[in-house]
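A single structure is presented below for examination.
So that you can tell them apart, the chains are marked A, B, C, D and E in the order they are listed, and the count of residues begins at 1 in each.
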Amino acid sequence: MTLLDVSGLVAGYGPVQVLHGIDFTVDAGEAVVVLGANGAGKTTTLRALSGMLHCKGSATFDGQSLVNRAPSAIARLGIAHVPQGRGTFTELTVEENLRLGAYARRDKEVDADIDRWFDVFPRLRDRSDQNAGSMSGGEQQMLAIARAMMARPRLVLLDEPSLGLAPIITQGLFAQLAELNRELGVALLIVEQNAMLALSIASRGYVLETGEIVATGTGTELQENDEVRRAYLGV
Amino acid sequence: MPLLEVEDIRVEFGGVVALDDLTFSIDTGQICALIGPNGAGKTTLFNVLSRLYEPRNGRVIFDGTNLLDLPPHKIASLGITRSFQNLALFPTLTVLQNVMVGGYRSGGAGAVREALAWPGVARDERARAEQGRALLARLGLAHLADRPAAGLPYGTLKRIEIARALAARPRLLMLDEPAAGLTHSEVDELGGTISAIRDEFDLTVLLVEHHMSMVMGISDHVVVLDFGSKIAEGVPADIARNPRVIEAYLGTPA
Amino acid sequence: GGGDRDDETTDTTSGGGNGDEAIIDTSNCTGDTATGIEGNVIKLGTSLPQSGLYSAFAEILRGESAYFEYVNEELGGVEIAGETYQIELVNRDDEYQAEQTVAAVTELINDESVFALFNVVGTKNNLAIRDLVNDQCVPNLFAATGSPAWGNTDYPWTLGTALVPYPLEMKALVDYLSANDPDASIAVLRANDDFGAAYSETLKSLIEGTDLTIAGEETYNVELFDTKSQITSLAATNADVLVVGATLIGCPDALINVGASSWEPMIYMSGTCTSKTLMEAAGDDADGVFTVLPTLDPANPANDSNEAMALYKEKVAQYQSEADPTNGIVAYGWTAAALLVELLEQSPAADRVAVMETARAFEASDVGILRPGATVSTSADDWFLGETFSLVQYNLADQFFADVGDLIEEDGNTAEYTPESLING
Amino acid sequence: MNTDRFTPRLLMTVVAAVLILAALAYLPQYYGESQTKLYAEAIYIAIAALGLNLLTGYSGQVSIGHGAFYGLGAYGTAILMFDHDWNFFATLPVVAVLTFVVGAAVGFPALRLSGMYLALITLGLATLFPDLVTRFVKGTGGTSLVQPRNRPVPPEWAESFASEPDQWWYYITLAIAVVMLVLLWNLVRGRFGRALLAVRDHEAAATTVGIDAARVKVSAFAISALYAGIAGSCSVLITGLANAGRVEVFQQSIFFLVAVVIGGTATVIGPVVGAFVVVFLDDWAGEVIADKPVLSPAIFGIALILLMYVLPDGLVGGSRRAVAVLRRRFGSRAEPIAPPVPT
Amino acid sequence: MDLFLSQLLNGIGNGVVYASLALALVLIFRTTGFLNFAQGEMALFSTYVTWQLTDWGLPVVASILISMALAFIMGVVIERVVIRPVEGGSPLVAVIVTLGLFLAFNSISQLIFGTESKVLPSAFPDSSWDVGGIRITAQTVGLMVVLAAECLLLYWLLQRTKLGLAFRAVSSNAESSKLVGISVGSMLALGWGLSAALGALAGAMVVPTTPALTAASLQAVLVYSFAGAALGGFDSPLGAVVGGITIGVAQALTIQYIDPLNDIELVVPFALIGLVLLFRPSGLFGRHVVERV
């Protein structure tokens, strides 16, 4: 079943158009990767989907249109976003950041979930009372991911989740994402430069170049595409 | 001969020990990589070297001078500049202006003379602009010179930071995760650029990076931090095999 | 809008007049001294705060307008040397800011071509324009404060109003104390400006040679109106008398603070504080407070039988229905307007110099709601009006000021009691 | 920043400047005294706004207390002229030094503060200054008003265009303003201006390339104080007096800030345009509802709010946007549309 | 000694007045992240409304409550209508807009309610007690009780509730707040509403300590309230109270004991703030935020 259905999406900044009508889908419980060079429009795509940018075209999530819906309403539909630049609430503590992740939830299992993500990123547990703004770059990246997960979303938009993470943490993170995806059926839309790792957990991928999708296919198909190998896999 | 000697540097924040009596040195002309898990204290060390953080104890000797005796704005004159892990550009300035700020120290005429358009002021200004354009061209950014910095792609911004740091004509260039957010091919290209500018500008480079391909590819020497202390040091090939480093930092790729 | 440069007629270069021989030196007045009179209309200008924090003074304008409308409509106008003129009053809002007064007055003189300025409000505001009116030979009539500065003979074109000059208030107090409590100790609360200085400096000079003593003095910031700590400090002196050289909300604030302490001095309060709203604000603590009044108290129902008071209330109700006639500020405006009409009618010619000369040898009684029998006058060596008044005491039960003793007549004496620097500073 | 020597844009700027100057110079020939005065007021407020823009626009430090420096300048000039019979022009360097030094002295502790804490300290300054004046200045009639009588008279050679003193005063103010504008222009276009913007945008990064952020910020504070001081001096020339009430000082401070924001922060010409808008808007607000003067502040306030809606980036930013839109519409040149860049 | 105590008490009496308005400032800062220059004038307007209600014969407490409710609505509407268009833009623009509101509110209050001063009855009894020769008024005690309650309530709201967390999130990072599902617009409107209501309460508490309600009633107080809030730290309710009281006491003691500073006693609070901010740039109780590079 198609969870996210995007077609003809156009978005940009003021007079500058960045996305020139892109189409793609994410099925329920699927993990999809978006590859693309610097400035290709990956971040723009994710921001448009979570309502942070004015956009045209069509994008539906579970049958509901996302176009020009308020970001907070989109979040409440079950879409979480790990933004590029992390979007930390710098003046708040680590724990408060995580609680905010669960803002739209009404259930009583928030504490249990915090614990769960503390297990994934033990550094966060050690620093649960530290001001998030004073954490190291990688620590904040962990926080951003954990915060998004706290919403128990149906779809997570991850914008370069491995940015600034140590290799060992990156490996753990992707293992965890794969598990979430497998066990809980959380759909993932991952923008990632570590293409090898990302494709290893994804079922499909898209390649974005200057605002247009130029290639698509399953993980293995892409891994065999020469263009992709040269630019994104470094082999 | 060491250009920079870090001795017993200790930084604490409340209960957190960010640097735990760290000691190491970098030889002139080296590319020295500083790696370690998140929160190991790499950026903190950069901040100590730029005098943004005050260490509890220790000394930092750069070419015979104790850095810790100087105010932050004197560090650049000594020959140390850097890029930032979290982008630190001047978003309202154009790309060229950003780089020209890097050349602040060259040909400073003083505000009064500038206000009076004293002879020489315009010449200095032109020289700075020319230097800026040359650096941008060197880093493949010439076409962006008159664009405002805000809104450019992440990787481009990182390169502008390098250009700005170079504009101050440093002897030691410190780069904090310059390859973050780049694709594989871009990472390789940047690695090449860094080696090349080291040679062209006679630099010593201190590099923090989580892209192991780049670290292993271009560095002469690697220092590994964990919890603020040095856990290993050596040539890249040795470090890659060091079990402690693998356990704390590298992991075993799936 | 812009006017043409070419109709400039007055010379603006010279210094102040020199008031001894001819009262008014007109040698520099090159302009048309009948400017502002066109046909049977005489145009006057005023500037006062109508917006901002001091806009309560705008009520003066209602009192003035009521009187002028009454004169224009019912008496046919003001008669000057056999001709009758309708009065037109052009007003400007200066927010009580001196530089705005200057701008407003420049405009009134140059663009509106008023005959004279009338009842401009505020000491600083009038000081700021006194060179200007001197230079341009425009009468500035009834400058609306009790500052002693209006006695400065370098400025013959500025005439003070019929408020009691502040120094005379102190004279009345000292006289009263000398008679009733000759060795009283006096505590002084004063505003931190020239206004406060007028009280404290006159008082100090007047008690020289008497057995009265100053027990303490505290200044308060007029722009803050808060006197609590000052009163606490003065209360510690336990003086017999408190002089409140305060204005606006500072007056009731001081009274309330005295009431809240265990100190029970006789209180003398500035004559500027007598408005109904301020007295109401002081509540119970206003009982028995002394002050002076040059006019009848419009809030005192006993005065309603007075003919002038009845006329005042009737006409205000008729012409300015939004105004509250029991508000002393409205009553003040009415009386000032009546004085002006009286002055114009006494003038031998509809001419600036003639009017100003009349102003310098002016005598009037039973004008507006001035006290019956009270005469206000000026002469060559007495530049002050408002020198006839009563010492009064507030009666809380009936909410009005009751006279204490007889009418005080100090005509021509202000300059004598006032330290020279206050007049010519 | 135009590093090239000669561009069509520069030519247009020069032509526009000459035209505007010509219009300003002709003004007092056409208008009467009151109107001339109003323009002169706009011009000296522009001087203060120019300086404040250096602080608020370029250096990012918000001050709502520059009315105090303006007052200091006004009193400096007025007292020297009145008590010591100085020539107006002789007072200017003294005022410049005085306000510069006091500005630096205030700017120094202000270094540690930012945002609203700084705004607050400057508000304190605006509140305190009138009290100090009331306390220490005994001027005309014992009040804090100081009114020099020796304002400069038009010299003979100026007879043809400034026969009236108010015209002469206007021209003096205009000349001072032009000089101050040119000086500031030179200053912000170059290394110093860039350093200010850099410190504002990212202080740590600016420090690491060798900019002494403290020094740069204190300089900005001191220079802006100097500009406000000179504006105050000019106000004495025009109004003939120095005065400082709490309301006045606060209002002046607000006028300067509003002029900066309405005109366009971090642009050279913006504050000048803004000053004219503020002065004439205020004048208009006082007259528009003649029988309800009590409403005039409300009208002024609401007009400000509406202006901010229409021109959130100020008049200069707004007109740049308008030009960009026109260019795109008529596609005359395929020049990339650069977002507002400081000039 | 008695004199000292009396002055101390005067200071506290004034200080609680400053503190009550300072609390409203803190609330708006915590909830929306900026400083509302119109805060005092909005409170003034509400105070006039309270006066009008008492003048129509309503009991004081009821008038205050109604006026607070109206103020809440007014705050929400102002945020929605006036502030919304400039939100997310340059903070300077917002400053100018609140300055515009400041002017508008002052003058509209005068237009509607007239320029004559009004006497606003106090919510507290007019009694006082003599304690060892020092007079303590019910007014001061009542104000302190209300303040303590406000302070606790605010602390609880901001620090202990989900709503409070959302407020803090919005003022820290509006964009991320949206991403976690917080309706930023509603939070801002709510913040304005709450602080307007608190301002209405403050006005109704403060004005009866002065002789009368005029258009200038809150302006002098507001300067001290700003000072108090700065001293305590703009983001701390407790700081606002401590800061306000400190300023009041410093002022009273200066008037009594430092004669050369008479009538320029304002020097003292500002010197105090300068000093404190020099050592603690976020005020006594303010949270210092580290921005990393």
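FYI, contacts are C-beta pairs under 8 Å (C-beta built on N, C-alpha and C of every residue); 3 or more make two chains touch, one makes a residue touch a chain.
Quick caveat, the model's predicted, so the values are computed rather than measured.
For the chain pairs A-E and C-D, which is connected through the larger number of C-beta pairs in contact?
Output for the comparison: C-D.
Which chain has its C-alpha centroid farthest away from the centroid of chain E?
Of all the other chains, the one whose centre lies farthest from chain E is B.
Report the inter-chain centroid distance for chain A and chain D in whole angstrom, where each centroid is the mean of the CA atoms.
49
Centroid from C-alpha atoms only, then distance chain A to chain B, rounded to Å. What do you get?
Comparing mean C-alpha positions, chain B is 29 Å from chain A.
Measuring centre to centre with CA averages, how many angstrom lie between chain C and chain E?
Measuring from centre to centre gives 38 Å for this pair.
Using the average of all C-alpha atoms in each chain as its centre, how far is it in Å between chain B and chain C?
So the centroids are 74 Å from each other.
Can you list every residue of chain E that touches 2 or more other chains, as numbers and ranges?
Within chain E, residues 106-107, 110, 115, 263-264, 266, 292-293 contact more than one other chain.
If you look at chain A, which of its residues touch at least two other chains?
Answer for chain A, listing residues that touch two or more other chains: 134-137.
Any chance you could list the residues of chain C touching two or more other chains?
Only 51-53, 55, 58, 192, 221, 223 qualify.
Which chain E residues qualify as touching chain C in the complex?
Against chain C, the touching part of chain E is residues 3, 6-7, 10-11, 13-14, 106-107, 110, 115-119, 128, 135, 137, 210-212, 214-216, 219-220, 251-252, 255-256, 262-266.
Which bits of chain E are touching chain D when the two form their complex?
29, 34-35, 82, 85-86, 89-93, 95-97, 99-104, 106-108, 110-111, 115, 223, 226-227, 230, 234, 263-264, 266-267, 269-270, 273-274, 277-278, 281-283, 293
Where on chain A is chain B touching in the complex?
13, 35-39, 84, 123, 127, 130, 134-139, 141-142, 160, 163-172, 174-175, 193, 195, 197, 200, 230-234
State the interface residues of chain B toward chain D in the complex, per the touch definition above.
It is residues 50, 52, 71-77, 81-82, 84, 88-94, 96-97, 100-102, 104-105, 107-109, 111, 114-117, 121, 124-126, 128-129, 146-148, 150, 164-165, 167-168 of chain B that touch chain D.
Residues of chain E touching chain A in their complex?
Those in contact with chain A are residues 162, 165-166, 168-169, 172-173, 175-184, 287, 289-292.
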